[in-house]
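In this document, chain identifiers A, B, C, D, E, F, G and H correspond to the written order of the chains, with residue numbering beginning at 1 in each.
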Amino acid sequence: MIRGKVVIAQDICKGCELCITSCPQESLGLSDKINIKGYRFVELVKDNCTGCVNCALVCPDAAITVYRQRKEVFKANQNMKKAV
Amino acid sequence: MIRGKVVIAQDICKGCELCITSCPQESLGLSDKINIKGYRFVELVKDNCTGCVNCALVCPDAAITVYRQRKEVFKANQNMKKAV
Amino acid sequence: MKLPPITNGFEIVYKKPDTLTDTPMHYCPGCGHGVVHRVLMEVVDEMKIQDKTIGVAPVGCSVFAYNYMNVDMQEAAHGRATAVATGIKRVLPDRFVFTYQGDGDLAAIGTGETVHTVNRGENILIVFINNGVYGMTGGQMAPTTLLGMKTTTSPYGREAASAGFPLKITNLITQLPGALYVTRQAVHEPNAVRRLKKAVRLAFEYQLLKKGTCFIEVVSNCPSGWKMTPQESNKWMEENMFPMYPLGDLKVPSQTMN
Amino acid sequence: MKLPPITNGFEIVYKKPDTLTDTPMHYCPGCGHGVVHRVLMEVVDEMKIQDKTIGVAPVGCSVFAYNYMNVDMQEAAHGRATAVATGIKRVLPDRFVFTYQGDGDLAAIGTGETVHTVNRGENILIVFINNGVYGMTGGQMAPTTLLGMKTTTSPYGREAASAGFPLKITNLITQLPGALYVTRQAVHEPNAVRRLKKAVRLAFEYQLLKKGTCFIEVVSNCPSGWKMTPQESNKWMEENMFPMYPLGDLKVPSQTMN
Amino acid sequence: MEHTPGTSEIRLMKGNEALAEAAIRAGLQAYFGYPITPQSEVLEYLAVHMPKRGGVVLQAESELAAINMVFGAAGAGARVMTSSSGPGISLMQEGISYMASAELPCLIVNVQRGGPGLGTIQPSQGDYFQATKGGGHGDYHMIVLAPSSVQEMADFVFESFRLADKYLTPVMILSDGALGQMMEKVALPPEGSLPFIEKPWATTGKKPGQKRRIITSLFMQPEEMEEVNLRLQTKYRLIEKQEVRYEALETDDAEIVLVAFGLAARICEKALTLAREKGFKVGLLRPISLYPFPSKVFASLATNAEMFLVVEMNAGQMVEDVKLAVEGKRPVHFKGRMGGMIPSPEEILSEIETVIENEQVNT
Amino acid sequence: MEHTPGTSEIRLMKGNEALAEAAIRAGLQAYFGYPITPQSEVLEYLAVHMPKRGGVVLQAESELAAINMVFGAAGAGARVMTSSSGPGISLMQEGISYMASAELPCLIVNVQRGGPGLGTIQPSQGDYFQATKGGGHGDYHMIVLAPSSVQEMADFVFESFRLADKYLTPVMILSDGALGQMMEKVALPPEGSLPFIEKPWATTGKKPGQKRRIITSLFMQPEEMEEVNLRLQTKYRLIEKQEVRYEALETDDAEIVLVAFGLAARICEKALTLAREKGFKVGLLRPISLYPFPSKVFASLATNAEMFLVVEMNAGQMVEDVKLAVEGKRPVHFKGRMGGMIPSPEEILSEIETVIENEQVNT
Amino acid sequence: MTTAHEIIIAGFGGQGVLSMGQILSYAAMVEGKEISWMPSYGPEMRGGTANCTVIVSDVRISSPILSKYDSAIILNQPSLDKFADHVKPGGLLLYEKSTIINPPTRSDIEIIGISAVAEAHKLTSKQVANMVLLGAFLSRRPIVSLENVVKALKQVLPAHRQHLLPINEQALKRGKELVNELIGESV
Amino acid sequence: MTTAHEIIIAGFGGQGVLSMGQILSYAAMVEGKEISWMPSYGPEMRGGTANCTVIVSDVRISSPILSKYDSAIILNQPSLDKFADHVKPGGLLLYEKSTIINPPTRSDIEIIGISAVAEAHKLTSKQVANMVLLGAFLSRRPIVSLENVVKALKQVLPAHRQHLLPINEQALKRGKELVNELIGESV
């Protein structure tokens, strides 16, 4: 499976949890900490993000940036696995 | 044919001629005279009115009153004719 | 008006309704407004509801409607007749309340009030005189002016690209669940007048049901604004207005009442 | 926002559009307004039309929309956004002009402007956020509030008999010949957002045709006004709002352009 | 004021809510309005309480619709009101002019916020001119009452309905966001304490044999329209004679008289205390009826006081009426804050000190 | 006035038409309006002539829509105007307040008719307060120019656009039905005689690297809103200093000075002639800019003249500004006709005789 | 020694009183005079009375609205009733006779009644009674020349009505003649 | 010898500052005092700061808006920064410690910081930190009795929240104790 990452702007996040609901991987969760505005913010809680972008699409505060493994890298890795 | 009569309020009539157009008997016509408002008014020009009410219905100024022979009278007349 | 004595054996089969005042109407010769006033009052007379009827006059040629229709009336600001009628009906829910409005009044400046009054299903009757022009102010373009039609403010003929399309507001409000009875009528010939009268009668009767708004559009003429004789104007109306604004019922209660 | 360095081999597949400012949005957690702002700006970015786009903000929660969308913007009086947009578009016909309006703004006080702007077929995009409530002023009833729904001004639930029916203004304006493209979308889940973006893209592209008004309704939530969590609000929206305001296209250009 | 017979109930309420509750107790039969901060509580309170107690509450599609619904209901004889703030009141100007012309009684509440434009929702007194000089077209006035406490928010509702019915005129309560939002104790008279009067002119349906009623503001012939205007002006002269209301505090020995209405007067009262503590002979005149303006009282004040200091939460509006009343006999100074800013008592105190100093330098 | 370079063309025109033609020649780019008597000729004339000469004419669905279209077009940098009368102008009050707050230039023409309410379509000056004190909410002013001839109907259009652009403010031409409907000779400057200025603040699309433009009247923080208000007030003080306009006729030796604007001033001019023929030393002061009001000139007049007689086609509105300017130094009398009635020169003459007599009795 | 001439023209709407005033005004403009033409105006619907005040002057005109006139040209009874008393002593009152039941009686002014409508009918079916009256008026008060009135007409008439120029000119001349005949007769 | 007590209560929206002021006001009403409660107000959306001015007095209250206060009850840093200097000399500044980074430093007033939020959490999951603070405040400024505050609560809480009465009462008392402990410690 292709690997992804999300970076969440913690000071912008309002903890609405909509990204959490929309993540097919259940990769996201609310932090116990509180940001400068008093909201519990969201963070990656599992390292299984696929970079599907769902979370970013539903985020009302444009707080999420999504990264994904480059195709070449992914393929190279796949090939490596196969090779192994 | 049943007989009718119309009475036109000449001071109210604005000479729009809509009644003239709508009279199936062509009983109505514009007078040569002019009323206090400067309009040529409408009058009965033929004695063949049937009291069909058409003219009154379309008159925008409610200037027309329509009379018709009572049914009894009409029937009596009819009978008289027949008798004759 | 004193009626002259008539040969015995005759009876009156048509006279103007008692609820129409004797004040001569200020309308131009052949203007449809007068017919609609009369028909409304015929129904009020027939239903014997003069004491329960309150009318609202618009701003437009019929601004003086209250001089002719002999019922209690209020004169509303331009476009606000249905808001005024709402105010009246809400505090006097057992009265018959109607507005009488032109196309500038109802379909231009009053669009918001028209849509929301019907959407609330106010139990009133809205009488809408569509003559395709602003009569009172001298023949300017109305929302209902036909494409290509020349008015003082569309001197080269109405163009859709800059002035938009003839607005069929009656069709719009028909969609609203608050609309109980919607019909489009005319007064250009005797049978049309007869049909209008039936519609008005129905509308007043429906008002007792408290099931929504009744809306009667009357496609009418404006000989002065159109710069035509009354006859020409009726002919032009039949040939040009009716195709755009076809006569007939748009919604009848059975459709909405079950 | 500075982005942290990421392991090599990764690339950015989603980041907020450049045309969205870095100003934190003042909306309540989970409010749909933010998503719609972002999607609009994504399209402006993609089409590279920031220098040609002029937006009009309403009076409503999105009154500060101009703080977030990094394009030239005007803030209109309550309900008058489409009139303001008309003024802009008429004098700058080659710009992309859009309004952004709530249901109170567009479908209550602005009804007249909405209907007439679309009827004129102004070549603008109207974005209409239907959250069934007046968010900004504290959760009063909107024209689109559902029957039975409790708000601060319908404390016993909206009743049709006194407050009228939920107004489907999008359906109304669809009827107008000036409407070129009319669609109803949402932002409650990723695919809905994707669909909205496509619609926005189309609408901006259609604006070049100068063939009429594009109108996008977004059925949205108001967690604060509805007194729900964001998740609850989205669920409630799906279950209650969507049946009344079903998503999808109401009019696409092919229908009107031949 | 003689309008609160019977025993009253004491509650702690927001100004907006007290006003709404008072309206119900004053026999309000219909309310038409549209939400706008800082007055939405009026509509919200009525939406909760009117249905239980009989009467119409309708959230209109706009302020424009609201004022015209008020027109209709007033014309039909109902005790009726609307409320709004800044932009919404501006939208009602045409309707208000119509009601003044048609001589219809009603209550219009303006809970002022900072303008112009969309402005801010913070308290302001920037709509004084609009209220008192007639923001609509033509020559007309409303009676304008300016409460300065939650109690007066309630009391003036009774007073307004009474005056509206008496003079057949729209009456405005000119309040502000602070008075609308703050809570104070308020004594509320029981329901039914304001009698209804006959309104034979109301359109309720023409009874057989009676003359029918027409409510209009159209008088095409200028002669006729001038007649109507003369009737209105006669009424306004009467109102100016009979309905002036003000409150004078410690003006007897005052060398400097503060003039302020509404919230600003409350703040001036505090400033007065502070100033008196410092030994300044300060008084306060609070116009309660802004129209009719208490012009006459200034004539007598001007004989004792050395100067006036008008304090308003605007750029200087009532100060014009004060100057017109003082007729140049004494200097009239002005201190204003704008756009939702509220002057503090200390700020007024220091203004008092400044003007006293300056006048001493000048003379 | 320096705005009419080039040779001008002389025509016989209605005031409304002269104004419309002047607007085109002054570079009008967009007009948004709605018909209402007695000003519909403005829209009608433009509908005929604007399309040929480039530019937008749009009949809006209402005056409310019209003023907000004006807002949008002005914000987009266009030279733009609207026109209406009484009820229609009332409907624009919210929009005018917004434009004043957002500091947008535009021209609003009020061809006054008799009010209040639907009133009559006959000429009136009943909207003076609304125009000069701000009929909308909040503290703001428009520059208000009052023409008294068809020539000025045209001239003031140029002047208005120039002032609007210079001060970033709505400007109103306060005319009346008579001036709108009457024909006189008018000299019209050629097209293009009023230059366009840069409007870097206009929303025309954010160019790369440039700051984007936001046009708003919302300033939620009261501190910020007060800033805006202070800026506006500073502007108004500047306008009051720089843009006062009036005409003085035979005031040098005048014992009684007539004060009138617009049509009333024309009638007073005739009354002045009649009075001078009778040996009365009468002068005429005609305020041209109603805001800023020419207050200062009264100070100097008050040293010579024994009294003032203000003549208005209303119940007495400008008379307040005159009194404020005269500061009680001389008696200020008032003669008004209302609701579309126009005073005749003879009527004014007899008023002159009356007040002179009364003052002599009094003193 | 007033250099201005102040005229009221009044009748039913549709009798051409406003355009009569306008043509007079245009003619005066051709002569380089100051002009003020002030119509009564009302809602655009037909009927009712109409009038206009025309002032032709060598100097700046003050009030465009007057209550006393040097001349009155009157086309119907209501207007006659309204304005007869407003003619200044020594002034001129010219009226169209056909619909006047109570003719004016003042002795301190010059009063001329002509049958302009009848004359117009003789000339043509088109309505040029107003030009007959204008011709008659100018015969007694030559404040502008007939040639300039014709020039004005040429300017004012829209293209599709230019063919009516001769008949208008005839009407003007007929009016002049009529008065001359009358004056010959009566004065 | 002022008979009035002038208080500012300030914090984030949602921390219950407005209701704290209201409950104090109701209690004062129970005691027959004059009251004025003046909230800051803004658009109804969440976030931002909120405050209210409460005046409790034996006589008619003049200005409901003040710039100097006898007491301040502060729940967050921005409010502390804004209002610390506005406490009259000799006055009381009570604040919630947890989020305060820069505590107040004035020496001419009494300053008390308590951990109301933490205490509230100890008592319950419900937000009663404001009641802890109110209890603490009343311990130093007994302008109304605790019993009357409880009475007020009883009146104010809607039916479905009446069960929260005991926990609120506990919180009030805990606040009082806290301060007493503190005073015992430090002063």
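Definition applied: a contact is a pair of C-beta atoms (placed from the backbone, for glycine too) under 8 Å apart; a residue touches a chain by one contact, two chains touch by 3 or more.
This one's a predicted model, so the numbers in the text were calculated from it and none came from an experiment.
Suppose you hop from subunit C to any chain it touches, then on again the same way; how many hops at least until you reach subunit F?
1
Identify the chain pair with more contacting C-beta pairs: F-G or D-F.
D-F
Which whole number of Å gives the spacing of the CA centres of subunit A and subunit C?
Comparing mean C-alpha positions, subunit C is 63 Å from subunit A.
For subunit G versus subunit H, what separation do you get between their C-alpha means, in angstrom?
Going by mean C-alpha positions, subunit G sits 87 Å from subunit H.
Please report how many Å separate the Cα centroid of subunit C from that of subunit G, as a whole number.
Here the centre of subunit G sits 42 Å away from the centre of subunit C.
Pull out every residue in subunit H that's touching 2 or more other chains.
Residue numbers touching two or more other chains: 42-44, 47.
Two-or-more-chain contact residues of subunit D, please, as numbers and ranges.
27-29, 63, 75, 77, 108-109, 111-112, 115-116, 136-138, 143, 162-163
Mark out which residues of subunit A touch at least two other chains, giving numbers and ranges.
Touching at least two other chains: 37.
Of all residues in subunit D, which touch subunit C in the complex?
108-112, 115-116, 119-121, 143, 160-165, 167-168, 171-172, 175-178
What residues on subunit E touch subunit D, complex-wise?
Listed in rising order, the residues are 34-37, 40, 43-44, 47-48, 51, 58-59, 61-64, 87, 118.
State the interface residues of subunit B toward subunit C in the complex, per the touch definition above.
4-5, 7, 9, 11-12, 14-18, 21-22, 37, 39, 51, 53-54, 56-62, 64-70, 73
Under the definition above, what is the set of subunit E residues touching subunit C in their complex?
Touching subunit C: residues 29-30, 32, 56, 58, 60-62, 64-66, 68-78, 80, 94-95, 98, 102, 203-208, 212-218 of subunit E.
Under the definition above, what is the set of subunit D residues touching subunit A in their complex?
1, 3-4, 6-7, 9-16, 20, 24-25, 27-35, 38, 187-190, 193-194, 223, 229-231, 234
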